[in-house]
Every structure is written in structure tokens, then in C-alpha cells.
Amino acid sequence: MSAEAGQWWSTDLTRIVPGEIDLGGYPVEQLIEHASFVDAVWLLLRGDLPDRRRSKLLEAALTASVDHGPQAPSIAAARMAATCGVGLNSAVATGTNLLGDVHGGAGQQCMQLLDELVQRVRDGAGVQDAAADAVSRHRYVPGFGHRFHPRDPRRDPLLGLVEDAVAEGVVDGEHLRAALAVEAALADGRTRPVPMNIDGATAVVYAELGFAPELGRGLFVLARSVGILAHAWEERGSGTRIKGPIPRTLLAGYTGPATREVPRGR
Amino acid sequence: MSAEAGQWWSTDLTRIVPGEIDLGGYPVEQLIEHASFVDAVWLLLRGDLPDRRRSKLLEAALTASVDHGPQAPSIAAARMAATCGVGLNSAVATGTNLLGDVHGGAGQQCMQLLDELVQRVRDGAGVQDAAADAVSRHRYVPGFGHRFHPRDPRRDPLLGLVEDAVAEGVVDGEHLRAALAVEAALADGRTRPVPMNIDGATAVVYAELGFAPELGRGLFVLARSVGILAHAWEERGSGTRIKGPIPRTLLAGYTGPATREVPRGR
Amino acid sequence: MSAEAGQWWSTDLTRIVPGEIDLGGYPVEQLIEHASFVDAVWLLLRGDLPDRRRSKLLEAALTASVDHGPQAPSIAAARMAATCGVGLNSAVATGTNLLGDVHGGAGQQCMQLLDELVQRVRDGAGVQDAAADAVSRHRYVPGFGHRFHPRDPRRDPLLGLVEDAVAEGVVDGEHLRAALAVEAALADGRTRPVPMNIDGATAVVYAELGFAPELGRGLFVLARSVGILAHAWEERGSGTRIKGPIPRTLLAGYTGPATREVPRGR
Amino acid sequence: MSAEAGQWWSTDLTRIVPGEIDLGGYPVEQLIEHASFVDAVWLLLRGDLPDRRRSKLLEAALTASVDHGPQAPSIAAARMAATCGVGLNSAVATGTNLLGDVHGGAGQQCMQLLDELVQRVRDGAGVQDAAADAVSRHRYVPGFGHRFHPRDPRRDPLLGLVEDAVAEGVVDGEHLRAALAVEAALADGRTRPVPMNIDGATAVVYAELGFAPELGRGLFVLARSVGILAHAWEERGSGTRIKGPIPRTLLAGYTGPATREVPRGR
């Protein structure tokens, strides 16, 4: 019966016995000496260590994603949390909790789209036709276009690294080609292009590296946790207590009913 | 420009000026004297106060939903949180955060189904045909059947109150009839019935009272927050520190790779 | 051994067997018919049902606390969450998670102070001396004064209800007298008074009703969850996606270092 | 006035203008090419890039902290969350939210203790006297001893790296010496030693690198987020829905009052 409860919590990830900790089978003391932090991310998510080239590619995508300023609700909420008397852990949780389908899900959605396109190409479709078809079916294609940047400055360096990795045979380039075909289809006939954004460029990296789409979200959460923590910490340093979204001198507007009496004897 | 930021945070719900607070237009001091807590729930969600009969019906559904024991992950997670050195607010947040589509969404999904059926009946379909059709399309009908209770003890008293309200003309009974037709269709030809559970019975109440399906989830969150808080508080009283899911003597099983060397020079 | 894991999750609150649910020993179907929602709150937190007078007093304090507008970070964060593609449950969790020691803890801290004063009075001190001493030791006395309201409109009706309850012998008034003595001590020699705010007035109610200070926070979390839910729902209705703290047209300022080159070969 | 709201959200961390993103003043495209992920963590938390030796030391501490198995409540809660129909971001938030003062705060507390000892040594005290005095004042010294490991396998490799860094003049070793003195004081006169655990060893690393104690918690949150994500993902792969803390066959025990009638006419 003890087995039943123990089995209910069994895991492939980590083995713990008194004095020993293995992650994915590797003794933790060897990992401390010979693995990078990004290697450890890969190990726990994929079950084994990556080679150096794949690890560096993952690292570039994570580094690219750490922050995009306090205007993002995930960051703003974490900064507000930091002023409310909760631990930094709760401030970080507040931020990551907001990285849902709309605010943090575009990368995952882009990976799903790229997977579909790659499958269609493997089934014999031309990549340009498949991309044009996909574009025609979406009003908004996740991973492309940015409400603020005409061209996201993180696109080119990330795609450049993927192109290098394809040239060296590290990854096969199927998802990169699908993404570029979508970008071309989106530019076709428009006055201004809709280039890949950070969600699209990291989706290409993660998909080329074989991560499942849902882990695209997971990896973004890990990366953006860095910015969330840093902003929470910066706000802590400000000494503000109970920070609202706008300064107290700018009162929130009221648009509801005028003052009225509570009816008695309802 | 000040207006721009103030407008960004405008609301219909609450008016605050120095010395005055109105909720939905009613002075808070009048609400304190003449409104119940459930009235205040209705007021903020619907924009005006309910009559006494509707308020009591809502109250019964909320009361029915406060707890279902520590086996629920929302409750267990809150109890664990309470032992980790976070405030009760964070323990409660931990629990409510788990009331997602799978653990807390059946009521909302049932309300959506009932809305569809009611619409089909309004469009001329027979309620039994519409229900039989819906049942045939779902392997699992949200709001019906319980993995633990052969007949959920909360079903009968809640539906009894709805039937009374229909008899008195307080609500019109369309959603109740749709739900009963689904229950009948689910029983048809089966050796054992699949009666409405708490999610189904509260869905009938909330839908009859005119709440949107998504608020079905919201109301469940409010009600279950009571049990989450109470369990967190009970755990706090135990003095346990860092409560794991099973006692330390029942070690979680390890099912991953055997111990191996970290390859060097990757 | 099965007993070990079952016992690890044992509880006094709720008994579940197939077809039966008891809360605090009371069958849930009887509670649905004969108990209010506030009764159920009391039952789960205290182990038995309250009498009608105590239930009404608790209800008034909860009703008074449901909302104070979108300027509060707990509310603003929940509204932002609602625009990020997470469920209403996660939006509510986001808000309650911010009700920490600073933003949501004043009631608990006030209850602790009142408990100390009541103890000193029971030990023979005069209530005015004890209060004056407490005031002289705190720069900021939790539960007194409001950054926005010169006099919090929720103070008078709540204290009025407590006074009635004292007159009727429902509660003994020790904590009320201590709080009034603090208020008098704070007014002494100042040009403007520092009257009890919502945290202080509800602290008096909860303390008179015998709740532990930490549950003062818990009850505030339950009550404010109503406002958090209502604001999240109002924001959902707005259709805004990824709501930042200020409109996009008002860019957050940057105060860091000027653009510089990443040093190579570090 | 626009300035007022923009200033309210100003930051030193990230500069965003259309087409440009700088982190700490460095163009993001240069960071993608020339900085590691750990460099980016340092940059956002400290305001500038670290040298390679310091970056590697931080990396080792982060790598050492990624996971300690599903018995930890932070991990168990995240695994349960993953079965409840919430996004991976919310599952991760659930886990990090539990890393409070008790479950995740020992490193921060250890850093505070080490800072005190270092200050006393700088003020002229002998490190052994200061350590013995600190040990005598604490029943439980944060960062020392482990309820499961007689000797934490992460201690030696981490302290070895710090010793190397001291030998090379990368860090000054004050906090290392203080921690070793505490360890010696704890061993003094006991039948079994109480060696540094992961919290203590990483506290030494972070303190030697100049991080504030509260960021010790922050860095632990970042590192452990990797394990939290990986466990949530593993659980997702299991297909379990609504995972409770123990299998359904092991019912939680009930220890409350026997079934009783709700009194009427209260």
C-alpha cells in the first residue's frame, strides 16, 4: 500500500536517496561541474543532455526572451505585487501566471502552425502553397507582426543562428523554411511586410530543436521569469508601498450609475 | 492626458471620492445595513441588487459548493501552501488558481450546453430530441455523473429550490427542463443512471438566474474559496512545515535512467 | 500503510462517503436548505454554525469589504490577468495573491494589536493608558487612518452594529473599547483625527466574534474576492487584449544607461 | 500629465523604441550573439554584464538548484496544477508561489546571517567566535543540515568552485570563511556534523558574488522553476486528470464531528 502512494508520485526526472541526487541519471555533482544551466533545462525537459551546438541555440532563444519592458501586464503585475508585502517568489508567480494563451501563447501557437506546415510538406505539399493556404485561413498569424516594432530586432540574430545550424547539419531546417514561407506569404501583395516577431523566431528555434509546442510556452515562461524577477526587484528597491497602475493623483474614472438609495423590503 | 490614464482604468462598479464609496451606485453604508453578502456578489456582477427570492437561490448554490474535502487538488495544494511560509492570501490563490477548465470548469461547460439546448428549443426543437442529440455527441457530458457519488447529495435540494422558484414564477425553468431532459437521455438504455452532479445542479441555478456561463466558473471560485481558506487554516493549525503530498516515509518512486556519467567535451 | 497516506490528509472539516457529504458534521442538503452562505463560512472556519446575530455581524463586515475600486493593485492585476488568456479562476488568484502583509494585512495586524490591548486590560491596565502607550510605540497604527478618505464611510455603520451587539449581549465589547481608545489616543493633540478605517472596523467585528487575527486576513480575502472577480469580469467584457498598466500611447519611461556595446572576450 | 503616468512605470532595465530593444543599455541583438542566459540574468539583476568567471560561478549555483524531486510541495502542487486544465505558465506559477519563507527562504536567511557575520569580522571579531555565538542563538541555522541527506551532495562541488574563485582572486572569500566557521561551530561537540546544505552552499556563492539576500530567494526561484516546469510537463504527459495528493483508493481520513442535524430557527 505504501507502494501505491509512492508510485502515485513516481518520476523519471530525479532520483533521491540519502546522500545522492541524480538528474536524468546524471549525478548532480557532475552536472554542477560539467553542465551549463541551459543544459540542465534541456536535460529535465528532454531526458538527456544536449550537444554543445543545440545547447547554444536554445540559450540564444532564452536570452532573447528575458524582457520587453514594464508595459507588459506580466511585468507590471509583478512590480505591483512586489509592493504589496509578498515574497519575491509570489511576485514572480504573479507575473508568470499572466503568460496565458493571449499574452504568452503565441510561440506555442506558432509552433503548432509550423508543425502542421512541416507535416503537409512531408506529405508532399509545396511549402509556399501550404504557407499561403495557412495565411489565408488566419486573420492573425501567431508569431508574425508586432504592435510596436515594425521589425522585431530579435528576429534577425535568432534566424541567423538557425541558418548557421542548418548549414552545419545541426538541425534540418524544415520549420525554418515553413516560417520563412509564411513570412513571404504575409508580405505578398501588402504594402508593408509582417515579419516574424520574437514569438515566431523562438518558435523556429524550439521547433527545430524538437521541443513540443506546449514547451514553447514553458520555455518562454522560464526566460521571461528573469525579466519578471528583475522588475519586481527594481520595484522593491523603489520603496513604493501598494503601487497602483496609475499614480494616485490620476484617479480612475467612474462610469456607472449615479448614487441611488438601496431599496428596502426587497 | 491625465484623463487618458484615468479613463484606461474606468469602471462601472465602484465610485470612490473622499469620504464616499458607492457600489453599483448604492452608498456602501446602506449596503452594510440593508444588503446581504450574496446581494453584494450579485450587485457587483450584475449591476443591480437582486430581489430576495433570486438572492436566496444564488445563496443556496454558493452554500452547496463550499467544499468537497482534501482529496481535491485545489484544496491539497492550498494546504501544502499553508505550510510553506506564505500568507493565507497566497494559500487561497494557490487553490483557486487550480480551478481551471478540467477541475473547475464543468459548471461553465454545462451552462454553455444548457444555453445551446434552450436556444434550440426556442427555435422549435423538442427538448427531449435536443437533449438526446447532445448526449449522443458527448462521451462525457459536463455536469452529469460523479466519480465518487452514485447520486450527488447536493442535486436534489438544489433542483427542489429551482422547481419552487419556477412554480412561483421567479425563474422560467427553461434551463431546468433542458438539464432534466439531458439527465433522462443519459439514463435511457443504461443499467445505471448518470444524475446531475454539483456542477450540473449549480449550472441550472446560475443559468436560470441569468448569469453568463463564464461566471459559473467565477461563482464556483468564490464559493470554493471558503473551503480552500478553511483547509489552509486547518493545516496552519497543524504546525506542519513543508508538507509534501505523501509522508516522508513513503518515498516517491524513481522510474528514470540508471545512474550514468556526464559525457565530457560535448 | 494505506492508513499512513490517508491520515496524512485527514481533516475535521468535511466527511465524504459515496452519496453523503457532511460539513462540520451537518449533512450538506440540510445546510443548503437552512444555512446562509455566511453561516457556511463560519462553520468551516470555526467548527460549528453561528447564531443568527453573530452571522449577521460577520455578514456586515464581509459586505463592507467587497471592493474599493480599480486603483488597488489587487484589482488592477486581476483586470490585467483577465485580458491575458487565463481563466477567471486565475484572474481571481492573481488578485488575491497580492493581498499580502502590506496591501491586505492591516486588519490582521490591527487584530493582533487589539488582542494585546485587551490582554493588558484583563491584566489590570486602564484601556486609555494601554492605548496611549500602543500609539506612542507605532508611527503608523494598522487599521487607523486612510490615505484617501478623511473618514472612511464604512467605519460608522460597522461600529454601530458592533455597539448594538454589545448592548444585546451578543459580544462583550472588549475589542471595541480598545479600538475606540486607540482612536481617541490618535486624536489627542492632533489637528485632525485619524479615525478607524475599513481594516480597523472589520478587525473589531472579527475580533469581537472570536476570530484569530490571521483569519482577519482570510476573511478579507474572501470578501475582496468578490470585487476582484467583478472587476476581472468587467474587463473581460471590454474585449481588451493584453492590457498594460497605462495606455500604449503613454510609453513607460526609460532611466537606465545609454546604448552601449557588449564587450567581447569577457 | 502623460509624463506622470509614464514616469510611474519608468525603469532602468530595458529601453524599447520601435525597432530597438536594449537591456541594461546593450542592444538585444548583441546579447543574443555574445551573452549567455546566465549573463542576461546577471545583467538584469545587477545592471551590467559579469565577467566570465563570475558568470560561471553563478551558473553552477543555478544548475545545482534545478530540482529535488516530487516530494517537495512546490513540485507536487505544480504537477497537480498541470492536471487541472490550466496552462503550463499557471502550473509554474503555482509551484513558485509556494517557495515562501519556509520552503524557499533558507538561502535568503543564510545570506542574512553570513552578512551579519562578515560585518562582525570586519568590525574586529574573530570569525570562529562570531560563528559560535550565532550558532548558540539559533536552534536551527538556515542553510545547514538536511532532513534527508546526511551530507548534501551539492555542497562539496559548489564550495570547491568558490574556493577556486577565492584562490584566483575572483571573490574575496569572506562569506565562505563565515559559512565554514558556522559549519565547524555546529559540528563542535556533536556526535554527527550538520554540514551545509544546498541553501547554505548557494548562499555562499550568491553572497560572494555580491547579491543581496532577498535575491538569493529570487535566484532560487529562477533555478527551481526549471524543475517545476519539467515536473508539470511530465505530469501533463501522464494524461492524469484532476490529480489529488493520494490515489483515490486511499481516502483521506475524516476526524471531525459525527453527523448531526442543522438546528432550525437559529
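Labels A, B, C and D are assigned to the chains in the order they are written; within every chain, residues are numbered from 1.
Here, a residue touches a chain if its C-beta (ideal position, glycine included) is under 8 Å from a C-beta of that chain, and two chains touch if they have at least 3 such contacts.
Fair warning: this is a prediction, and the values are worked out from it, not measured in the lab.
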Contact-richer chain pair [C-D vs A-D]: A-D
Per Cα centroids, the chain farthest from subunit B: D
Averaged-CA centre spacing for the pair subunit D and subunit B, given as whole angstrom: 35
Separation of mean Cα positions, subunit D and subunit C [Å, integer]: 30
Separation of mean Cα positions, subunit D and subunit A [Å, integer]: 22
Subunit C residues counted as touching two or more neighbouring chains: 1-2, 4-5, 8-16, 20, 27, 31, 33, 35, 69-71, 76, 86-87, 89-90, 93-94, 97-101, 104-105, 148, 245-246, 249-252
Contact footprint of subunit C on subunit B as seen in their complex: 1, 4-5, 8-16, 18-21, 23, 27-29, 31-33, 35-41, 44-45, 59-60, 62-64, 66-71, 76, 87-90, 92-94, 96-101, 104-105, 148-151, 153-154, 156-158, 161, 214-215, 217-218, 221-223, 225-227, 229-234, 236, 246-247, 249-250
Interfacial residue positions of subunit A with respect to subunit B in the complex: 2-3, 5-16, 20, 22, 24-27, 30-31, 33-35, 47, 49-52, 55, 86-87, 90, 97, 245-246, 249-264, 266
Subunit A-facing residues of subunit C, complex: 1-2, 4-5, 69-74, 76-77, 80-81, 83-86, 90, 93-94, 97-105, 147-148, 241-246, 248, 251-252
